[in-house]
Each structure stands twice: as C-alpha cells, then as structure tokens.
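Sending over a structure as structure tokens; questions will come in a sec.
By written order: A, B and C. Residues from 1 in each chain.
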Amino acid sequence: MTGSRDAILGRIREALRVEAPHHAHAKIATGNAPVTAPFREWLPAVGPTEADRVALFARLSEMLKTEFIECADMTSAAVQLHRLVSENGWKKIAIHDGKLMNALLAKTDGTLETMSADGSYDKFEMEQCDAGITECECLVAQTGSICITTWSSGGRALSVLPPHHIVIASRAQVLADLTSAYELLAQKYAGKYPSFISFITGPSRTGDIERILVLGAHGPKKLTVLLVP
Amino acid sequence: MRVSLFIPCFIDTLYPRVGMAMVKVLEKLGHEVDYPEGQTCCGQPPFNSGYWDEARTVASRQMSLFRDSEIVVSASGSCGAMFKKFYPELFQGKPEEKEAARLSAKSWEFSEFLVSKLGVTDLGARFDGKVTFHDGCHGLRELGTKQAPRDLLRAVKGLELIEMKEAETCCGFGGTFAVKFPQISTAMAEVKCNSILETEVEYVVSNDSSCLMQIQGYLDRNSPRSIKSLHIAEVLASE
Amino acid sequence: MSESAIDPKTQFHADADVTTADTDRRAFVRKALGGYKTTRAKTESAFTDWEQAREAASAIKYEGVNHLDTILTQFETNFTARGGKVFWASNSQEARDYILGLCAEKGVKSIVKSKAMTSEEIHLNAALEEKGYGVIESDLGEFIQQLKKEAPYHFVFPCMHLKREEISALFEKEIGSAKTDSPEELTMIARRFMRRHYLEADMGISGANFIIADTGMISITENEGNARLTCAHPRIHVALVGIEKVLPRLADLALFLPMLATGGTGQNMTCYNSMYAGPRQEGESDGPEEFHVVLLDNHRTRLLADPEQRDALHCIRCGACLNVCPIFKNIGGHAYGTTYQGPIGSVITPHFKGLQDWKHLSGASSLCGACTEACPVKIDIHHHLLHNRRNAMKQKPVWWEKLLWQGFAWMMNRPRLYSLAIRIAPWMQKLHPIVFGSVLDPARGWTQTRDLPEMEPQSFSAWMKARKEGRK
C-alpha cells in the first residue's frame, strides 16, 4: 500500500507549474546548477596539515567534554583502557571485531571481560555492559565529530547504549571537514550504503531543563577517543 | 544640494519639532531644504493591515509629490522603509512601478543620509546628558541602519552614549499592532523600558518617532524616574 | 491545547492576556533565550562567511522544493531498493490509519517515540492511546510535556517554560521519584525510566530533519541519543516526515547539519546526526526488521501552490525564529494554540488550517524582522506575515476595516481636509480626558496601558508654511 502517491505527486506538479521567485539568494555563481563543493569557503576554517586537524579536534573535544587522548602507540592505548577500567570499576565491555580493535585488545592483559556486538547479541546483556569500544569511519576536525556506521562500529546500539563510549582511531583517520567525511563514505559505500551512519559530537547531552547543560541524557555520559599513530 | 523632506503625518502633528530640527541641521550644513506641499501619509497603516489597494491610493499621490526631487530624506525609519523597500513591491506590475523604483533609489533615512551620503558625523552639536539609542526595526532591518546614528551621537559634545541590553529588540509599536494586540504590544514596551531603566540614562533617542511614542507612553505611565525621549534630529540640532 | 468551541482568534487573545501578565514566566523564558543569543553569535562568528552559507542553504532548499516531485520519487526509488517502505499520506487521517494499521497487523503492543512535530500535527499519540497502545515519548522535554498532558511549548525546547521545581513535582507525582532540585538528577530519573522501553518496545516512531534524495536516506538530528535508541532495537521503525523536508544530495548535509545546529541551539554541531538508509541489512547485527517512511502532505501542497510564499517550505524547523521573536518571548508557545509556534508557525498555520480562522497569527506581529534575520535558510518570514494579511483581506475584507481605510485614503488624498483635521485635532485632544480609558475612548487600546503625547498647537506643515510666507 503506497497511499495517495499519485494524488500527492499530481498536486505537487500542478503547484510547480508556476515558478517561485529567487528572492532570498542570488543565483549563486554556478548559475542554476546546484551548489555543493564551495561549502568549505563558508564553514569554519580548518588548517591544511594533519597536525592542524588533530589540534583542532583536540580543542573542540575539550569544549565538548570528549576525553581525547593521543597515544604514542597501541601499547599505551591499552594502558589507557586499563586505567579507565580500574578507575571506573568496570566489569564488562562490549566490543566488535576490527583491525584496530583486535590490535588494541591484543595489547591488554587478558583480564578484560568482553561481549561481542557482532552477529546476534543479547541486547539485555549489552545494557549491563559498563562501556562499549568501537572503531570509526573517520574523525572530523571541523566539528570535533566521530563518524560511525553499522559496518565500521559494530551495529547501531554499541556506540550509544553503554554509558561510556570509547573510540579507537588512527591519525590518518582525522579528516578536515564533513564534506571530506561524506566523500569518504561515498568512495567506500556508494551503491551499498550501510543502513545507519552517525556523526557523534561529544557525549550525550540535554538543555531541556532550564536550558542547563546536563551530560548523559540517554546516550553515553562519557566519550573517550584514543588516537594512535 | 536640494534636499526634499518627507515628514510623515504623525511627525507633522505630534512631533513637529523633529521636522524643525531636521530643517535646522540641513540648512546649517548649507543645503536647500525643500518641503513639497500636500504631504500627508506614506500609506503604511493600510499597507500593514493588508489593505493594499487603499495603501496604493495614498502612496501613489505621495510619490507624485516627489517626482521632481533629487534627494528625498525622511524623518522616520518606518516611513523611509515604505519609500525605499515597500513601494517597489506595492507597485509591482502596476503603471507606477518605474516611478516607485526611481523614488526608492533617491530615498534616504535622515541619519544614514548625513553619514553615508554627506560623509558628515560631527554637526557641531552640544547635548549634555546620558543617552541610550533604540534601534527602530524598520531602520535596522529593512534599511540596514545601525552605525550611522551611533557615529552621529558620539560626535555630540557632552553626550555620553550608553548601550542598553535590548537595543535591537522591537519596542512593540508595529503600527496598528499596538492597538489590535495591546496586551502583547504593552508587554514588549515593558521589556524595552525595563532595559532602558537598567542603564543610568536620562534620555532615550531613536530615529523613529513612532517607537518613541510607544516608549514614552509606557514610561510616562510606569517609570519610577523621569526619562525623556528624543528623535536623533533634535539632539543633532542642539547647541 | 484541546479543541474548543471558541474560535481561534478569541482563544488567542484570552491566552495572550494571561501569559503577557505572567511577568515571572516571561522573565524566565527571556533569560533562557538570552543565553542562546550569546552562544549563537559566537558560533556564527566562527564561520568564514555565514551570510554566503545562508545564501547557499537557501539555494539548495529552493532546488529541492522546486523539484519536489522528482526529488521525492528519487528518494523513494533509492530508499525502497534497500527494503524500506514508503507510504504517501495526503492528510492526518491517512497517516494515522496507516500507522494504526501497522500496529494491528504486526502485533505491536508498546511504542517508543522520539521527537516528531509531525506526530503532534496529526495528533498521533491520542489516536494510538485510544486504541490501547502504550506510547512513551523519549526526548526529555517531550517526556515531561507528555506527563504534564501539555503540548510542546517550543518545537526544539518542549519544556523550556518549566522550572526545575515544577519538573520535580511532576516526576514525584507521575513516576514516584524522590524530590530533587538538580537538573542532572532529574535527567537521570528520566534516563533510568526509559531504559527498558528502548529495549522492549515493538515499534519506534521518529520524525526526520531531512529526506535525502540521491542516496535514499532520512537524517535525524538530536542531542540526547534518544532517537538513536528509538531506532536501534524496536523491530519496526516508522518515520513520519513532512514532504517538504528534502535535500537533493547526502553531501548537502555538510552544510545543513552545522547550520541547523547554529540556528537551533547555537551549537557548532548537534550531538548526534544520524542517517537511516533502510531496515537492518545483511551482515548488520542490529536494527529494525522493517522501516516505514510516512511522507506527510497535510496541506503542504497548498503552500507549495503559492509561489510567493513557497519558500516557507524551505524551513528546517531549527527554531531560530522562535528564539529571537519578541512576540514568542512574551506570549509563550502555548498561546499560539497550534502545533507550529512562533514566526514560521504564524506564516504556515493560515495555509494549513484556514486563512480566515488563523489570520490573527499573522496579524499578531510588529513585523520587526528579527525572524527573517535569524533564519539560516533566508525565508522571508516577516514579509509573508504581511502577505497573509493582504491575502486574508482580499479574500474576505472586514467590512468596517475596509470602510476605515477607504475613509483614511480618501482623507489623506485631500490635503486641505487633512490640514483642517490636524488643526482641529489638538482641540479634540483637550476633550479626550473625558473618555480617557473608558469604553467610549477611541484610543482605548492604547490608553489602557500607555499615555499619549500632547499635540503641539502648531504642526510642522503649518510652521513651514508660515516660514515660507515670512511669518513665524
């Protein structure tokens, strides 16, 4: 059942027979052609080098209350993970299969109790986990965001259900801006997109009560990014 | 140059001193002031109420009075906006369309005329007192007037300009809105006047007398201390 | 607000009388929105060229809306290729019936919802509850308003008018929580309450901020994560979206996501921006078995057919116009009496619900233009309020107002008569105190709360004439 498809399309076509004035915008430089690439010229600036990008991401993370840790190597990333476990008294962490993930876990001491979010998993078991670790598609310097998809990051719930989300990412994954992120996704997935893509910008938050900022509304209260070379 | 003045009806009747001050300032600068006779109203009241045919009847005659003018300067941002922005829309597709475009091209609001056209900010005026400036919405948003009045006020000897928090917030006049929705209009006046009272000023100045009528009207009824409202022309004409 | 027998205009005045008198509440709302102003200014200033970004956003929305038929069919083709279903609803009834039908057919018992103004528009919750389905709002502000049995106050900040004590009292009463004056603790109460609903609900209902044509996706923007959770585990996901929420390309989001955040809350980027392309795909470990997008017309095509105001459909529902509107700040969101409040609501509601019955919303404005200035996609909002007034009068002039303005025009075109009138006026004013403030006072709308200036004995035109003739 598609409903009133023809009726609605009919009304739309009828309405569009009269052209609407372009009163709000000059026909942008490209004439009538759609506007896309020049976004970079108008959005906040990002420096040209990798160091610029990482520095910007770090600065925005501080504003957003994302814990951003640059690790010398995977061993020190594993040390950070263990620190989080002991500081917070974590019992169980949810994970997924992936190159960076496996490399990280290989450097841990083997005491971590984990559950996998791959294949079919028990959502109630995931709800009991103290944290979820994921990889990501990329980091976005311009906005301080992490781009994840179902295929890069263990599904839809892993990065949002547990109260602490940890991301393991490499420096090469730090892209300049959202346009670069969408270009990456198109390159990787065009024609066969995953069913879910998300840009995560800081821990979950709300300002609904008296416009006062509270972290951890429904999604994770804490977000940690471990950046390895 | 020969400057034609457009003095809207309520300034003519309620605030003639504003017009007199404009004449004084312009003549002091050495310009010839021309006041085409028979001016009445720009047509904004029926226009804002949606009665555009009646607005056109009035506007059309008003336009014809300025046919031979080189420059038209208006005393108020809202009437100035009628000439500059809304007459072209009002007369779109009508025989007066070209005339409306011509009038729009030669129209100026008073403070913008002084600063942008004549390049003058110091008129040798003297006015002792603490002043805050209220941005009339039409001037601010339809005509883009923000800095010009402030530049002019800062050049006045003895005048201390203090910005209020809600300088750009609408005073709530809005023409017939003030009487059609009096409870909302009054609430907006309250916010504006409380913002004025939060500063130490003795005077509130604007480039729109209709705003000043709203503000003074509320202050006179409610203010614990005396604050006087003045059109910027009156300040610039003081010695 | 429930449907009442009183006409909308009378109800509006009655509500505005009450809310404008509530000085305390108005100050509270103003303070909340004062913070927005500062934050937004800072975020905007980080843009290399905010004004050019607005121009581009306006142009892209123009492109989408003015090719709405091909854009929507492109979306449908790309979306359904991945197993999603599209239902085209002409009106509220069709949309409600479809969703109710799904619930019945699929054995749905419990429903979790994330924020969807379209669901308010079609009164979906009431229809679901009437049929015995449990519906829980997951967005904190909507959750609070649901418990309070009140409509949202603002379409981005549903309970911004409430103080923490009021929210605590509400929670104590409705869910038996302990009293607290901490916004953090109140948020945690709602968080704990919601957990099992995310895991146990059969159906998740959401709205959408954007419909993406080239890749067949919908995009949802939120800060809390409740929409992500609503769309993660329930086996059926239904997204109810207005047909106008289109963007031609996925890549356009690189511009729109930051602009939506800046306009709505002053953030650089909202916390979660998620694109949903279909139900669970092969190889994915979670996600709904079924994903239905309900495209809602409900008079949007009527607005589309008005070329002058068609750009009102460019609206991305960021709420910026509400945040800056002095009318909104002083009367509050409920006084509008309809789903979409504020300046954009005052433009579109007469189109959606009837021009003659709702023209007062377009009239209740001083046309200050703050809304148009704030709009990220450059909709000519305040001028459309004026256009609605003109259209309403053209369709059905108010007889005495028509006479009034005809009389006004007649007099204003007779300068001698005008001169006579203004010579008499100061004398009339001397008589005014007799009726001042009473029902006989013609200026009562003004004089009830404000003083009038005293007329000068000599008008400007008289002074100029005297000067010219050499007299003083």
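One rule holds for everything that comes next: contacts are C-beta pairs under 8 Å (C-beta built on N, C-alpha and C of every residue); 3 or more make two chains touch, one makes a residue touch a chain.
Note that the structure is a prediction, hence the values are computed from the model and not measured.
Q: Using the touch rule from the top, point out the two chains with the most contacting C-beta pairs.
A: A-C
Q: Which chain is most central here if centres come from C-alpha coordinates alone?
A: Closest chain centre to the overall C-alpha centroid: C.
Q: Farthest chain from chain B, comparing Cα centres?
A: Farthest chain from chain B, going by C-alpha centroids: A.
Q: Report the inter-centroid distance (CA atoms only) between chain B and chain C in whole Å.
A: 32
Q: For chain A versus chain C, what separation do you get between their C-alpha means, in angstrom?
A: One centre to the other, that is 29 Å.
Q: Measuring centre to centre with CA averages, how many angstrom lie between chain A and chain B?
A: A distance of 51 Å separates the two centres.
Q: Taking the touch rule as given, give the residues of chain A at its contact with chain C in the complex, in rising order.
A: Touching chain C: residues 1-5, 7-9, 11-16, 18-28, 34-36, 38-39, 41-45, 60, 96, 117-121, 123-124, 127, 143-145, 150-151, 154-157, 160-161, 177-179, 181-183, 185-186, 193-212, 214, 216-220 of chain A.
Q: Enumerate the contact residues on chain B facing chain C in the complex.
A: Per the touch definition, chain B meets chain C at residues 7, 9, 11-20, 23, 35, 37-41, 43, 45-52, 54-55, 57-58, 61, 137, 140-142, 168-170, 172-175, 177-191, 213-214, 216-218, 220-221.
Q: Tell me, which parts of chain C touch chain A in their complex?
A: Those residues of chain C that touch chain A are 32, 35-36, 46-50, 52-56, 58-60, 62-63, 65-69, 72-73, 82, 86-90, 94, 98, 138-141, 144, 157-160, 162-164, 167, 183-184, 186-188, 190-191, 194-195, 198-199, 215, 217, 223-226, 228-229, 231-233, 243, 248-255, 257-258, 265, 268-281, 283-287, 291, 295, 297, 301, 304-305, 307-308, 310-311, 377-380.
Q: Could you list, by residue number, the parts of chain C that touch chain B in their complex?
A: Listed in rising order, the residues are 13, 16-17, 20-21, 23, 26, 30, 326-327, 329-331, 363-370, 372-373, 386, 388-394, 397, 401-402, 405-406, 408-409, 412-413, 415, 418, 422, 425, 443, 445-446, 448-453, 455-456, 458-461, 463-465.
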